[in-house]
Each structure stands twice: as structure tokens, then as C-alpha cells.
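Below, chain A partners chain B and then partners chain C, in two separate complexes.
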Partner chain A sequence: MSNGIKELQTAAAWQPPAILGGYARRALLAGGFFTLVTLAALLFDRHQFFSSYLVGYLFCLALSLGSLAVLMMQYLTSGKWGLVSRRVLEAAAATLPLMAVAFIPIVIGMPTLYPWDRAAARSDANIMWKHGYLNVPFFLMRAVVYFAIWIWLQYRLRRWSALLDERPAPELEEHFENVSGIGLVLYVLTLTFASIDWVESLYPHWSSTMFGFLFVAGQGLASFAFVIVICLLLARTSPLGRILAPVRFHDLGKLLLTFVMLWAYFSFSQLLILWSGDLPREITYYLARIHGAWKAFCIALALAQFAFPFAMLLSKNLKRAAGPLAAMGIWILVMRWVDLYWVIQPGFSPGHFQFHVFSLSVPLALLGFWLALFFFYLRRPPLLPAFDPLLAEAIEDAEMEMGA
Partner chain B sequence: MSVTHERELYGLMAEFDNPTELVRATRLAYLAGYRAMDAYSPFPIEEATEALGVHDTHVPLAVLLGGCLGGTLAFLLQYWISVDSFPINVAGRPLDSWPSFIVVTFEMTVLGGAFGGFFGMLARNGFPKPYHPVFNARHFDRASQDGFFLCIECRDELFHREKTETFLKSLNPVTVEEVAC
Partner chain C sequence: MADQVVIPQPPEKQPVIAPGLTFAKVTEQISNIVLTRPTPGTWFILFGLSGFFVLLLGVAVTHLILRGIGIWGVNIPVAWGFAIVNFVWWIGIGHAGTLISAILLLLRQKWRNSINRFAEAMTLFAVMCAGLFPLLHLGRPWLFYWLFPYPNYMDIWPQFRSPLVWDVFAVSTYFTVSLLFWYVGLIPDLAAFRDRAKRLWVRRIYGALALGWRGSARHWKRYEMAYLLLAGLATPLVLSVHTVVSFDFAIAILPGWHSAIFPPYFVAGAIYSGFAMVLMLAIPLRAVYKLHDLVTMRHLDNCAKLMLATGLIVAYGYVIEGFTAWYSSDKFEWYMMYDRWFGRYSHAFAFLVATNILIPQLLWSRKIRRNVPALFFISLSVLTGMWLERFVIVVQSLHRDFLPSNWGMYTATRWDWAVFTGTIGFFVFMMLLFVRGLPMITIFEVRTLLPQAKVHGERRDVEGEPE
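Entry: the complex of A and B
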């Protein structure tokens, strides 16, 4: 190990660049701007506000919660890609307490959003027999439990991780693995129930056993795409520029490709199961989404969220080139929004395509505030855990590759 | 010539202590202009592959072609069976119901890709090959245990019995020895 590496094994060497503060300010401004647009539009009509909010909320939640899941995944598998992206994942997961606060508008909008929370549902026997699960107090109680688990997991992992800035702590390794192992199981379970509560119950007559997994894959996909974009920003500046070698982007690119395939696999599985069953109460979900203008969304999703990224990400050169890979990340993030829009919006405008200024302004406002918060958290700790045993290896890799 | 040979020389083999030394040596040998050389190690070292200047192995292409071929054949086979050869009406669905073909198409794409990779790799490596001169090196069995080897072959344009040996010895090897054909 060279002296240069010893020097880099201190927290001081990895202080976040000042430019992150600029990003936070710009994100905050964008959030404020789109909030004003939304408020202006609210003066004219409130139609579609809550459904747009739900889309934007689930998009931001995918970044927070997906990052928590990927954070736990990298503790379990302990790769060098996890080391370089850990603080990005932590900062994204750190937004979860405020995501819990941002859930309040959905609670306010429940009667507008969820048919089972309307007076008309009382005369519908097909909804009433689900009343034991789909009722307001139990819905809120479950939401509290989900957020409690998610917030505790990110708090626990971030607190331990902060210790690695100060001293070598090999005894923590086991703790990380134990919490992450149990945490991932809890994550899949809570997210399955949350997706049933918050999205599937928009259509209380309908059910799909694949629905939770679609969200698991979607969040993982969103999180990897996001991490790649942020890693590109960090690789352009000091100090991470000297460790984010092409080989690290190659790792992240491979994982992105995996999640592209996983998402396609789960999505097609759900379609195949419902198509094979061909039951009137199940297939209506797809009938509402493959006809009219929604058909274009449907085809766009298959081509643009699967076929195109899949074909591009097969290339080793693309995965090793930070710029094009990050462009692919942004592309996939946009498709994540399209996907959520396609899942949620047709339920509110059955049979015809509807686009409202809210459809863009509300998610963009939420994303602006979310990003501001994310950069705020990313600015605080050093960008790498200085006393992680993998750090020296990652630096050696980068020096070997980039010829430092 | 310091050693008299009954058999022709295949190349000079240098043994190194660890993978880092091997990669460093390979890089320097490449920089010195040697091309006809190969590195041998108990486990794959990506950096060594790059240092050898092996950029295009064509194996990914074989995987791609294998996958496309497998998927296309699987789809066409199912289409032919369901539509032409043995049409059965299942719950009134059209005969060419593509969603039901996808599962088998996917599996056959994976199988075709795996075949492409496996046989493409064997073909590109020149397998099957019952005899290879590198095994004549004395400690070469350790290449599958804890030895890291770099062999510069005679067929290289720059190869010179003494100069190449001096060069290899300058790379901090454990041993340098001749490998007979």
C-alpha cells in the first residue's frame, strides 16, 4: 500500500465539494417554481391534483426507499460499487422521515383517490367484503408501521456508517449484515403491502399477486439509475473524481441492466398471469391501459423501459462510459415516471387519455424539494467512509485504471 | 545459445509472486512491444486481460447471435405448431396468441446465448487442444494453485533469446525459464 493511499484514508480527504450546495439551491428553486405553477392551477380546478400527487410521491419514494434497499443489498454483498455509492444511497434514504410527512396530502385526498373510502362503496358487495382490510383507521395504522420500519432502518444504518468516518470498526460488519438481511425481508414485505394499500386499492375490485414485486423492481431500477446520475456529477469534481473509475460505472451499469430485466420479467409475468386467467374482474386493468391513447404508453413502456435500455446496456463500452451511462439513467428515470403515470392515471380517466398541468407540475415540484433535501444530506458527511477496509482496494483499482 | 535444445523453443516463461506483479509485468511487456504473449493465473484477472491488449474476443458477439437465433427459432417453432401444424382452440383465443409464446422464447434465448458463450469461448481459445507447450514449464502446475505466469512466445517479432530473458528478469520475477515446444 502506497503512502498516497494512507493519506486518502482520512475523512478529511473526502469532504463533499461545495458545488453540491449549488445543486441543492437550484433544486429548491425548481421545486418552488413548480409549486407556484401548481398553486396557480389550483385556483382554476382541483381535478387530478391528488392523482398527480400520488404519481409524484411514489416517484420520489422510489428514490428514497429503493436507495434504502440497495444500501442494504450492498452491505450484504459488499462490493466496491457499494462503497463508492454508499453515501449517495444514505443521503437518498435519509429523506424518508420527510417522505412520511409528505404522505399527509395523500391522507387528505383519500376520499378522492380511493373508491373504497367513498359513500358509494357501502352498496358495493364486492368492496364491502374487503372492508376488514380496506378501512381508514387500519390503512393509516399500516402506513405508520411502514414508515416506522423504513425510518428506523435508514437511521440505524446511517448512524453506524458515520462511525466509519472516525475509526476502523470491524465489529460493525456483522451488525450491518444482520440489519440488512432482516431489513431486506422487511422491505419486500412492507413495500408489497404499501403498494397494495396505496396503488392497488385504487381499483378495489382488482387484484394482482405480482403487484408488490413490480414496485420492488421499479424502485431498485429507479435507485440504480439515480445513483449513476449522481455518481457522474460527483466523478466530475474532486474528491470522488479520483476513485470513480470506469470499472465502478461498469459495475453499476451491470446492476442497472439486471434491474431493467427484472422489471420486464415481473411486468410481463403479471400480464401473462392475468391474460391467461382472462377473468372479467382482472383483465379490466389491462383493457383500460392498452386501448386508446394509453396504448401508446403501453408500447412506449415495453420499448423504452425495456427493449432500448436492454439493447444499449449490453454494450460494455457504454457501461464504462460515465456520460452515456448517466444519460441512460436519466432516460430510465423518465420512464419510471411514465410507468407510474400509466399505472395510476387511467383509473381516474377510464377509456380516454387525460393530461393536466398537474401531471407535470406536481411531480416536478415534489422532485425539486426531494432533490434539495437529498443534496442537503449528501453535503454533510464525507463522501466515502474513510475506514472501510475496501477503500484501499477501490483506490488501487482507480489508480491502476486511470493511471494516476 | 546458453542451452542446447533437442526440441524447438516455444517461449520464455516468467513466474511472479502475486497478481499485482503479474499485471505490472504484463503491462511493461506490452509497452516494450511484445504482443505474442499470454498470462496464466489460478483465477481470472481482468486487468491482466486488458494489459495483454486483448480487446475483442468476439465471444460477446457469439452470445448475442446464439441468443437471437435461439429466441427466433423458439418463437417460430411455437408459431408453426400453434397456427399451422396442430391448431387448438384454447378458450377462444386467437391461434397466434404471442403472450403464451414468450416464456419459451425467453428460455430458448437464454439457452442459445449460453451455448453461444460456451462454444464461442471454446472455439476462440482453440479448444479442444490435447497438447500445449506451456505445460512443459517446470512449475506450471502451480498456475492452477498459487503461481502467476507470463509467457512471451518465440513467434513474437521482438523475441530474442537473450534480450527477452534479460527483459523478463528485470521485471522482478521469481524465476525465468525456457519452455520447449
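Entry: the complex of A and C
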């Protein structure tokens, strides 16, 4: 056994398969196609472009930033699931600098998106009360700070992690823990205020203390679902096929289930508390989202983002079977889009349901480019840090389950 | 079993229990505390001291039942005084016990095995203390059964939409499941005591409690399954009980109570104070009974880390509540927060921030986490801080509500203090009885931690899989 592990402790043993390049090209093509669709539609009508862009942007950001958070989480808990998915998480987090660039259209669309950035807001006493926080320069400054923190964190962690391709680096363990510990605190704080800035302030009269946590849970959920789908792709080919044992999918499935429950717990708590309070300044948020066609979204979220995945993921067999688990992952990713759409869109078409070609084409274009970028990063480093101390155990587990 | 040899390694790297133990030694070390070793002098001193407070509790409760809750400081507007503060504080403390015994079992965190037994006992006694307060606060505690939905000739049902009724169900379920879980966990160890006890009457008592346990393979198989199922049952309770407690406040529309973040923030606070209590119990127990081999620095370090993490969630709650009170532009919300920071109870808030948020940040330092006295004092600080947090939430929010003509102050009376200190005495008293009469560490689970217990080629992750 020790002989076998020696052989695997080289960066060469974990070179990414060529097929990833194919995925990147296909994603790029899809992104290009939906960009053309969007451009064509823009000729006729610009309405809803920015709100759709915001939905798509936040969806992709959840994949990048959620992966950064999960990356830090696995350094703190040091599970073997974290070892096998680490490079996937790193590649997703590596897209953050370009996500900062992709934020520019939102800045351009600010007057369209945010009521507090319009002339009418000047005569609104409630909005003027928070003018010290909700004003363009401070909004932009905060965005710069958030991105600076996120980009620095992913850069730091990826640089150290790359060293593990070359040699054992026990001295790094403490660094990983320190940066991840402080990083997670920073992540939760910055994401909370980012969610207030970018989403909650779409309805400047409304506020909820739970809003930040809902985004934290949503990003965790999206990120685990995404990692499971990518791990399925990688498990089918060499080199990760020999280490992605059912037990690792089981671990990831349990974490996915945890986040399904966490999201439901936060959402239900907010709903119950605001509903029972029934205060005009709070309940309006839900009133705009439970009538007409939005009602279907409400029910769909409760059933399809909680009840169904919850019931399915309780099964041990499902969690251990990569295919069905990845199908559940895709299902949850779709529901993440539905959730964001339900949170953001009703603010722009109060009282009635609205669906535009942009609602699909813009997020899909963004997702296409994002995936292309992700596969580009995933292709570069070896798919496992060869000198991670947990590697031997992970391989042993896999050999025990799947035969040597 | 002399002083532990200092191993020059960080606690994360150290084994969960000290090397060199054998199966027999573990059983001996734990059971001798109860069966053969003379009771330490410290035990008698503490027993006398806590016994005094139990008597005080008896006096205070008797006086309360005779005279009514007018002897407490509660009145309008602050109708929920110490009674509710103490209720929430005690029930929160219980949560760490359930987390350690149920959630950490499902997560296969083996280090829990040395501390789960006394943490579960802590849960039970804390819930007993907690349950006392709402009952006494009813005013006519002998009519407590009106809280339950039972068919009666008055045709009166409880108000099911009231979180106070949810509390009745949440707390009684919590107590029942905790008791069952604790007792089921005790059975194999009670049988070990039965087999080792010298005197006949002692053997009879443990024998009756052990329910005929013989330790056959079939017993073990069914036992493990039952224990796992109970852990599954207990797991949601860690979240649900304090969530319901938070609804007691958040369902109302009072500024300072009505906040969507309350459920997770209360749960985190509960676990936070619970781990502080676990450390405050583990540190003296380990010193008095020389349990350094079994309750190692690993345990203390892990508890400290969990405390730090949950404490940060609590701090997040304060930050986001403060920010949202301003951001909501609701004048009542903002006034409440302003009053919390600068009003008549601001000293309580300042002390709360110091003890609950600032001092525990020391736990970031690895050096502090390895310093046992420092851990003890930080835990004390957290327990004080969490009590103050509930005091601020209950009293400060109530004393300035929507109508200025309705404003008033709250001062606890000596009877408030007597009941509160009385329950602390009762808690310590019960813990002392527990360590004197029952195995405070799970013998059979600790034995599974020994290297001898590892079967060669054991499938570490695949086997013993929950769910």
C-alpha cells in the first residue's frame, strides 16, 4: 500500500483530464449564444435587463463566493471530503477577480435598479434617514472593500495550496487555519452587508435582520450542489476516479442536506416572525411575493427547495450514488435561481408576475462565461494537492470501497 | 495516575485520551471514584455549601407560593423579570449537553466520549432549574396542568398560536428525551458497577437500575441501534427548543424582541453558554478526580473552539440588530437601540459586551486555549455575559415600550435573587450527587477510544454509519 501512495504523491499523478478543455469550450459557446440572444432582445426592449442581470450575477457569485466559504470551512474542519473537492472549490473561487469586473453593469444600472438612487428618493423621509449609508460613493466604496477582501482570501489560500503540489508543508496547516477562521468571519460580515446593499436596498423601506444569513445559507447550498455535480464529472475519468469513492459523495450529500435544512430554517423563521408581527413596514415584502403567479414560486420553493430534497437526501443510498446525488445537485441549483428570481423580480413588477426573455438569457449567458472560466482554472493545477497529509487515508478509503 | 506528562504537541495533534491506558484501567479509574475511593474533602465542602442554597430555594419558593409573585420585582411594564431571564439562561445551558451527546455522535466526533455523560447530566439538571421558573411565574403554579390541552368540563383549550404553549411542549419533550438518552447511555456502565460493587445493597441498587444487562452480543447490537435512534431524535431538539424560546420574544412586535434573526442567534447563544458550563464543570472535575488522562487538553481545546464559533454568531446578532434598528428608520426600533446603548440599563449592556463578546475573543489565541485557568475564567465570563444578554433583552426592551406614560423601571428583590441563587445551588447539588453515585464518564465508550479497540483494517468511515 505504501508503495502505491508514494507513486501518487507527485503532481504528475493528478493532472486534470483533457476533457475539461472540451467542457470549457462548450460553456463558452453557450455563453456566446445566450449573449447573442440577449443582444438581439436588447434591440427591442431594455426593460428588465438590469434586474435579470442582477439575478444572474448573484447566482454566479454564489458559486464563486460560496466555494470560497466552503474552502475555508474544509480547512477548519479538515474532512476528507474537503481534500477531494478542494481544487474544484479553488477553481470556483478563482473566478472572483473577474466577478468584480462583472459587477460593472450593476453599477451602470444603479438608477434603474435602486429606488434610493433616483431623484424621487429625495422627498422620501424614510430613505433620506438612511442616506448616510445608501448613497452612491459609499455604496461603491463598500463594494470595493468586499471584493478586495474576497479576492485577497482566495489568492492567499490558492497560493499556499499550490505549494502542496511540490512538497509536504506541515508549517502551512496553522496558516490555513488562521486565514480560514478570520476569513469566514469576514466572509459572513461582508456578504451580509453586500446582500443588504445589492438586494435588500432594492426595497429601501424594508429590512430584516435575517437577510444576511439567508444569503450565507443560499451560497453554501449552491456551492455544495455545484461541487457535487463537478465531482460526478471528475469521478468518471482519471485521475480522480480512483479517489472519489461513494463515501466521499456521502459526506458531500450530508453537507448538502445540512444546508437544505439550514436554508429552510432561516427562511421559515423569517417568514413566521414577520407574518406574526404583521407590521406594515415588514409584511409588504411578503405581500408582494405571495400573490398571483408568485404564489406558485412560494409553494415551489417550500416544496422543491426544501421538502423534496430533504426527503430524498435522507436516504443513505441516494447520497452514496454519485449520479442521483448530482441530479439532486442540479435540481437544487435550478431552485437557487428560482429563489433569487422570487426575491428580486417582484420588486420590479409589483402585483403581477413577469417573465421576459432576459430572465433566462442573461443569467444563462453569465453562467456560460462563468463555467468557461471555471473550467479554465480547473484545468491548470493538478486536481489534488499530492502532499496533503490526508491523501493516504482518502486513497485507502477508496481502495477499500471500490477495490484497488 | 499522577500528573500528566507534558507532551510537546499542540492539543489538535494530541490523542483524545492519554496513551498507556488499558481496558481494565479505564473501568477501574472511573468506577473507583464511586465505589472504592474515599470521597474528597472538596466534595463535602461543596455539598454543604450547595445544600444551603437548596434550602434557600425551598424557603423562597414556599414564601412565593404563600404570598404570590408580588414578592418579586415584576410589575407593568416589566412583567417578565428574573423568572424569564433565568428560564432562558438555564435552558440554554442545557443545549451543549445535547449537542455533545447527539450531534457529535452522529458526526462521529469520537472525542465527545469522555465528556458526554456529565454534559448530559448537566442538561438534565439545567432543564430542571429552567422548568421551575415559568411554573412559578404562573402565579398559581398548582394549576400548571391548564397549560396542557386536556379535555375538561370548562371546555377551555390553550391558545395554540401562543409560543408560550409551544414552550410547554418544547421543554417537556426536551426533558423527556434528554432523560431517556442519558439513562439508556448509563445502562452498560450501571451493569459494570453492579459487577464491581462490594456491598450487597449497593449491588442490588445498581443491578435494578441496569435492567438485567448482561453485555451479550445481541444486547450490544440492539443497544447501539437504540442509542443511535435516540441520538437522531435528540438532534432536532438542539435547534428546536431554543428556537421556540426565541419565538416567545420574536413573535411579539415589541422593539428589541421582534427580530427575524432571533432563532439562530438564540440557538448559538444557548450552545455558547452550554459549552461554557461544560468547561466550568470539566475543569474542576478533572482536577479533583485526577482525570487528566481521560479529559485531555484536546477536549478543552475543542470546547473552547466551539465556544469561540458560537460566540461569534452571537456577536453577529448584536451587530446586525444594532445596524438594522437604525437602517429600518423605525423610530421605536431606533429609540430602543439608543436606549440600550445609552439609557438607564446601558451599564448592563456595556458589561454584557465586555463579558460576552470582548473577553471571549482571547480564545483566538492558541496559548490561551491551552491555559486551563484562563479557560475557566473565560467560561465564567461567558456565563455572566449570556445571563446579562437575557436580562437586557427581557428587561430593557420592556421598560420603554411604545407609550411613554407606560414606562417604568425594574429592580430585582431579594426574593428574585434567592430563587436565582437557589437554582444555582440546586444545580451544583445535583451534579455532586451525580458524580458521587454514577459513572461521570462513559466507561464503555471511552474504551472504544483505546488503540486496542481498533480492529485491524477497520473501515474507518464506512462502518458504524448513522442514518
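Everything below uses one rule, namely that the second predicted complex is superposed on the first by the 403 of 404 C-alpha atoms of A that agree within 3 Å, B and C clash if a C-alpha of one lies under 4 Å from a C-alpha of the other, contacts with A are read in each partner's own complex, and residues count from 1 in each chain.
As a working rule, a contact is a pair of C-beta atoms (placed from the backbone, for glycine too) under 8 Å apart; a residue touches a chain by one contact, two chains touch by 3 or more.
Note that the structure is predicted; figures quoted are calculated from it, not measured.
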Overlay on chain A: chain C relative to chain B, clash or fit: clash
Looking at A:A386 after the superposition, I want to know if it touches chain B, chain C, both of them or none. Which is it: first, second, both, neither? neither
After superposition on the shared chain, which partner residues are touched by A:L333: those of chain B (first), chain C (second), both, or neither? neither
Between chain B and chain C, which one contacts more residues of chain A in the superposed model? C
Just chain B (first), just chain C (second), both, or neither: which does A:Y133 touch? second
Touch test for A:I243: chain B only (first), chain C only (second), both, or neither? neither
Thinking of the overlay built on chain A, is A:L113 touched by chain B (first), by chain C (second), by both, or by neither? neither
Considering only touches as defined above, state whether A:L371 meets chain B (first), chain C (second), both or neither. neither
Of all the chain A residues, which ones make contact with chain B and with chain C? 247, 272, 276, 314, 316, 400
Chain C partner, complex, touching residues on chain A are 80, 125-126, 129-130, 133, 181, 185, 188-189, 192, 196, 205, 207-213, 247, 250, 265-266, 269-270, 272-274, 276-277, 279, 281, 314, 316, 393, 397, 400-401
Touching residues (chain side chain A, partner chain B) in the complex: 247, 268, 271-272, 275-276, 278, 314, 316, 400
For the complex, which residues does chain C have touching chain A? 239, 243, 247, 250-253, 258-264, 312, 316-317, 319-321, 324, 326-330, 364, 459-462, 465, 467
Chain B residues touching chain A - in the complex, by the definition given at the top: 23, 46-47, 60, 64, 91, 93, 99-100, 102-103
